[in-house]
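Below, chain A partners chain B and then partners chain C, in two separate complexes.
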Partner chain A sequence: MASISSRAPTSKSLARFLHYCAVAFLIFLLLTPLIAFFFNAFSFRWFYPQLFPKEISLRAWESIVASNSKVPEALLNSTILAVGVTLSSVIIGLPAARALGLYSFRGKRVIEFLIISPTIVPGIAVAMGLNINFIRWGLSGNLLGVGLVHLVPVMPYVVLTLSGVFSNYNPEYEQQARSLGAGMLATFWHVTLPAIFPGIVVASLFAYLISWSQYILTFLIGAGQVITMPVLLFSTASGSNNALTAAMSLVFVAPSILILTLTARYLSGKSSAIGGFGQL
Partner chain B sequence: MGFWERWRIPIMLAPTMAVIILLFIGGLTYGTLVSLGWQPIIGRTEISLQAYQNIIFSEQYASVFWQGLLLTIWVSFASTFLSAVLALATALLLRRSFFGKRLATFLYQLNLPVPHVVAAIGILFLFSQSGLISRAGAQIGIFGYPSDFPVLVRDKYGIGIILSFVWKEVPFVGVIVLAVLQSLGVDYEDLARSLGANRWQRFRYVILPLVMPGLLSGSILVFAFTFGSFEVPAILGVRFPRTLTVTAVRFFRNPDLNARTEGMAISIIISIIVFFLVLGYMWLSRRTIRQD
Partner chain C sequence: MFRYRIMATFLLCLVLMPLAAVAADDMEGPPGFDNWEAVLEEARGQTLNWHMWGGSDAWNSFVDIVYGGELMENYGVTLNRVPLADTVDAVNQVLSEEEAGVAHDEGSVDLIWINGENFKTLKQAGLLYGPWTLNVPNSKYLDWETGGFLLDFGEPIDYSEQPWAAGAFQWIYDTARMDAEDLPRSYAELGEWIGANPGRFTYVAPGPGAFQGTRIVKQLMYELCGGPEPFAAFDQSVWDECSPKAWEVLNAWEANLWREGATYPATANELNELFANGEVDFSLTLTGTGAARGIASGQLPETAKAYLFDANMISGFSYLAIPINSANKAAALVMGNLLVRPDMQAAQLDTNSLGTGATPVVDFSTLSEEEAQAFADIAAAIVGAADPAEFAALVPNTASEYHTLTEQNWERCVLRDEC
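Moving on to the complex of A and B:
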């Protein structure tokens, strides 16, 4: 705002006012779809053309916690999957990220290309191809098989994030710890882990978010047996109970927004993992 | 050279590459074989292009395929273009320092963790004929009945699908652009200004070239995702035309195992199109950036 010194103060404050209006309008546009969920979730007999529901009701919420509700099962399945996928993807991806971040070797670009290629190729082609073999190997219709397929969209972001951390990492500290008598595990725990911790938080965040939001891979490999939150929500949305759909959506997104808020300080827009948001 | 020094890197890469090769490449390869008619389970071991021929040329499926392809291309190009332009505009808006900037930026990013299934439902609540916007219009007397409101979701031009992608992807690309803008500071612009560049020139010759790489890589991800996305067009689409992914999944879910071949063929076609469009786009954008 340094240039305005030459201008009249009124045009400066007008510009500032217009800028505020534009920001407010933008935020309004981005938030209205989210607000619509709250309106619907507590509405009952919300007739046209009422803008606000005249009757407020907890019906939808009651049916979510009712004994015949599938929401608890779906929440449990989604949680098991997301936690399992997050843990295994970080363990699987950590060594590869270290190799890619610290060393240069022949064929590195090919390896990098292969690792990021699942971000470009649509998941349905992969899931359809795996479907038949997973049935044969007993991996169709259970959490293990679905979790394995979730690894495909998750791995690129975990490896990208962690290799970014390792490229600014000095492995000599590990050698110093070793020469002072620390074992391999102690070195990892006290030297490596603290240094790469922010990267692990971001990688885990994306692994969790991608697995938690995954619909089509779960649907194709789960074969209707594995009910997760997105699967349940999708089938509820095909019906006409808007209140229930809205309440379920809120239950579904609340953990993601909470976790993102808690980990936001580790995230910077420059992180290569930010692309993971595009896959949800 | 000892064993560990020699094999260290391959061993470190092995777990990740096992996932990529077995699940990703394995799935794609097997899928390609299925699309070529290879289904040993039902005793079909001959390789042919019959399924592709059926989809592309047969009277039964050709219009489903071509109209679906057209819709898919339209939806993903429109979504990507609008998202990129609006992301740039909104990032420039949020970049200046003003009171409440932190709160505004937080609210701007609030929909990032919202999955596309939920985004599609939100657009439905908002833009359907008895949705929130229609009701707001009715309050001020623009509409008398839901049917007065234009069909914007579950419409044959995919407007609802595009709206929902744009709502989701503007903050996504915007956050990438915003990060680049913040890291630049104002030095370049101050320099340009001291050399007499006006507002438009500073935008066109200073800011735009600097944010272009981030903007392009963000929009590549958006394009690839929207082209292969299933949930949004499944919730907000119509029976005809359907996007290619929705058609592919319908074929694949058909109890008749022969239809799988066609479903698989469509999803392989989707992958090939996305792959080449992304390659072409990267090549073009590299050239553009270099010229700038």
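Moving on to the complex of A and C:
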């Protein structure tokens, strides 16, 4: 008996050790590039073979906050777009996801394929064709047009994530609520929404990240009138000012890291949201 | 005379041929405008969407602060600088708008920093506004007869493209690593140097967007095949005879290049970085002030310096063009005029202030004593520029067909060695 009871903790602590090793490794993978950015962003005249920059400088940061800097404008545009695209993609995606997750019907596979198709076709091909039409419809060069075109790559992820949630969801709870006298809205608010909330968080996260990092679509449809962080970052990176590029990259990833940290608990394996990808 | 030495060699002022100065009032207006006053009036309150390559922090700040400030203060024009990763993006936008049937006063691109292929694309598509460059008042400061900028990569600019900065091909070396007398001064000497210093040289791979590399190959052809004259107009037999010689030389270098020529830097910026990090001993620039701006911005070591071979170094210009569908042509014209105003040209040159080191295109013989002195003072304080006497090696660019052929064939004949 004694031997059995002592074995359990050992294997448990080994598992825990391995778990921490894996976590440490992942953190290492994620943080190393950021550390390089960090050093670069504060360096001046940092040439090989110096391991660390000899000259520390705030020049890059000064040009980011300078009066002529386009960073504040880009951050604002990126934020408006990401928030708007996230909200509208979830609102559009919910009914579609519910239908795909709960019901089987003729042609469901075709519809699923059509929904995934934007992830298969290269964005530039779609964008070139859309650009002409968007110009004709007056949607070129403004936030509305750029937001609409962001929905193209965003929707597949939102619909797929949410349909996964709905495939594990039992709609009979809604019928119970209705039979107890709850209205449509009250049922959605008190029954449906809490059940699918983790899925909505994950879908929103996808939507936000895809919109936030969109370059070519923003550039084409924005026609230079809508400057976002990726547009600014790409043009800066095409020059050779590594310090400025690094500083701008840090500004670019900071909001994403913040949001990931805040929503991390919904991303854990126990949440019903992730299971849905098993469907694919 | 000594103080004028740097500027005196910037090509344009070699042959002094003062133009009859045209007073602003009796000058004819640009297309669509009665006179210059009408342009100024219409420009007031407009927003100028200037699409330009955004990879240079120096350029971005200069344009925003100096030009943006001047436009706002004196002309009531708001500047919206649109940063591009590649100029071809702006050209594609104009082409797309035209295809979509956007009216010719409703386009989103007002002004493009442009040259070479991109200019040719817009010109051939008939999407350039103009001719206008002779109809802005400050055009009197340019030497349109002998300035050398009437051809852009061999393509006539037809007064629809405004030159505003002169460029010259220069090598960059590090005075801390090498003595001036040890520098190769021709491609033949460079070949010997490469053989003696394996792994210490590479060049930018010729190709679209990397015209510095194309220029290196074309300069080599000049040296191998009798200078720039045979290349002034296109002749297939010149190409057929000369290009194999060039490929032979370049392939002979290959074994002793950086990474044994298995790969080449794709852009001048990449080469610059290899040079700054000490991986190779030569970089290059087209900015007339050589290493000055790179030193000021910390991208080059303080001991970097530009120099030229003894002959066959290609010169060229930066231009501005206005698309035919620009919604704010008046504002674009005001900017075009501003760019060649002598004090702005001087500010551009001054790397010790906000300037980018772009060398002026104004003809110094049209300037007052004072204005000319301003250039001389700035030039005297610049560090890292090539020795002025070396600019005598400058020659004009080839006809654009050679440019295209070089880009098309280099990869096949040198990189893949299949010729």
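Note that the second predicted complex is superposed on the first by the 232 of 280 C-alpha atoms of A that agree within 3 Å, B and C clash if a C-alpha of one lies under 4 Å from a C-alpha of the other, contacts with A are read in each partner's own complex, and residues count from 1 in each chain.
Methods note: a residue touches a chain if its C-beta (ideal position, glycine included) is under 8 Å from a C-beta of that chain, and two chains touch if they have at least 3 such contacts.
Keep in mind it's a predicted model, so treat the numbers as computed, not measured.
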Could you let me know whether more residues of chain A are touched by chain B or by chain C? B
Contacts for A:L193 in the overlay, against chain B (first) and chain C (second): which applies, first, second, both or neither? neither
Output check: A:N241 vs chain B and chain C. Expected answer is one of first, second, both, neither. What do you get? second
Thinking of the overlay built on chain A, is A:I132 touched by chain B (first), by chain C (second), by both, or by neither? both
For A:I111, select first, second, both or neither according to whether it touches chain B, chain C, the two together, or no partner. first
Which holds for A:L232: it touches chain B only (first), chain C only (second), both, or neither? second
Based on the superposed arrangement, let me know which partner A:N40 touches: chain B (first), chain C (second), both, or neither? first
Output check: A:M155 vs chain B and chain C. Expected answer is one of first, second, both, neither. What do you get? first
Regarding the shared-chain residue A:V65, is it in contact with chain B (first), chain C (second), both, or neither? neither
Applying the document's definition of touch, where does A:P49 land relative to chain B and chain C: first, second, both, or neither? both
Contacts of chain A common to chain B and chain C in the A-superposed view 48-49, 128, 131-133, 136, 220, 234, 237-238, 242
For the chain A and chain C complex, residues of the former touching the latter: 44-45, 47-49, 55, 57, 59, 63, 66, 68, 70, 128, 131-133, 135-136, 140-141, 219-220, 223-225, 227, 231-232, 234-244
Chain B to chain A touching residues, read off their complex: 8-9, 11-17, 19-21, 23-32, 34, 39, 41, 90, 93-94, 96-98, 100, 104, 107-108, 110-126, 130-132, 134-136, 138-139, 143, 145-146, 167, 169-172, 175-176, 178-180, 182-183, 186, 190, 193, 217-218, 220-222, 224-225, 227-231, 234-235, 245, 248-249, 252, 260, 263-264, 267-268, 270-271, 274-275, 278
Spell out the part of chain A that touches chain B in their complex, as residue ranges. 1-3, 16, 19-20, 22-23, 26-27, 29-34, 36-37, 39-40, 48-51, 91-93, 95-96, 98-100, 103, 105, 111, 114-115, 117-133, 136, 148-149, 151-152, 155, 159, 209, 212-213, 215-216, 220, 230, 233-234, 237-238, 242, 245-246, 249, 252-253, 256-257, 259-260, 268-270, 274-275, 277-280
What does chain C use to touch chain A in their complex? 49, 51, 53-57, 60-61, 64-65, 68, 80-86, 89-90, 93, 96-97, 99-102, 108-109, 269-270, 272-273, 276-279, 297-299, 301
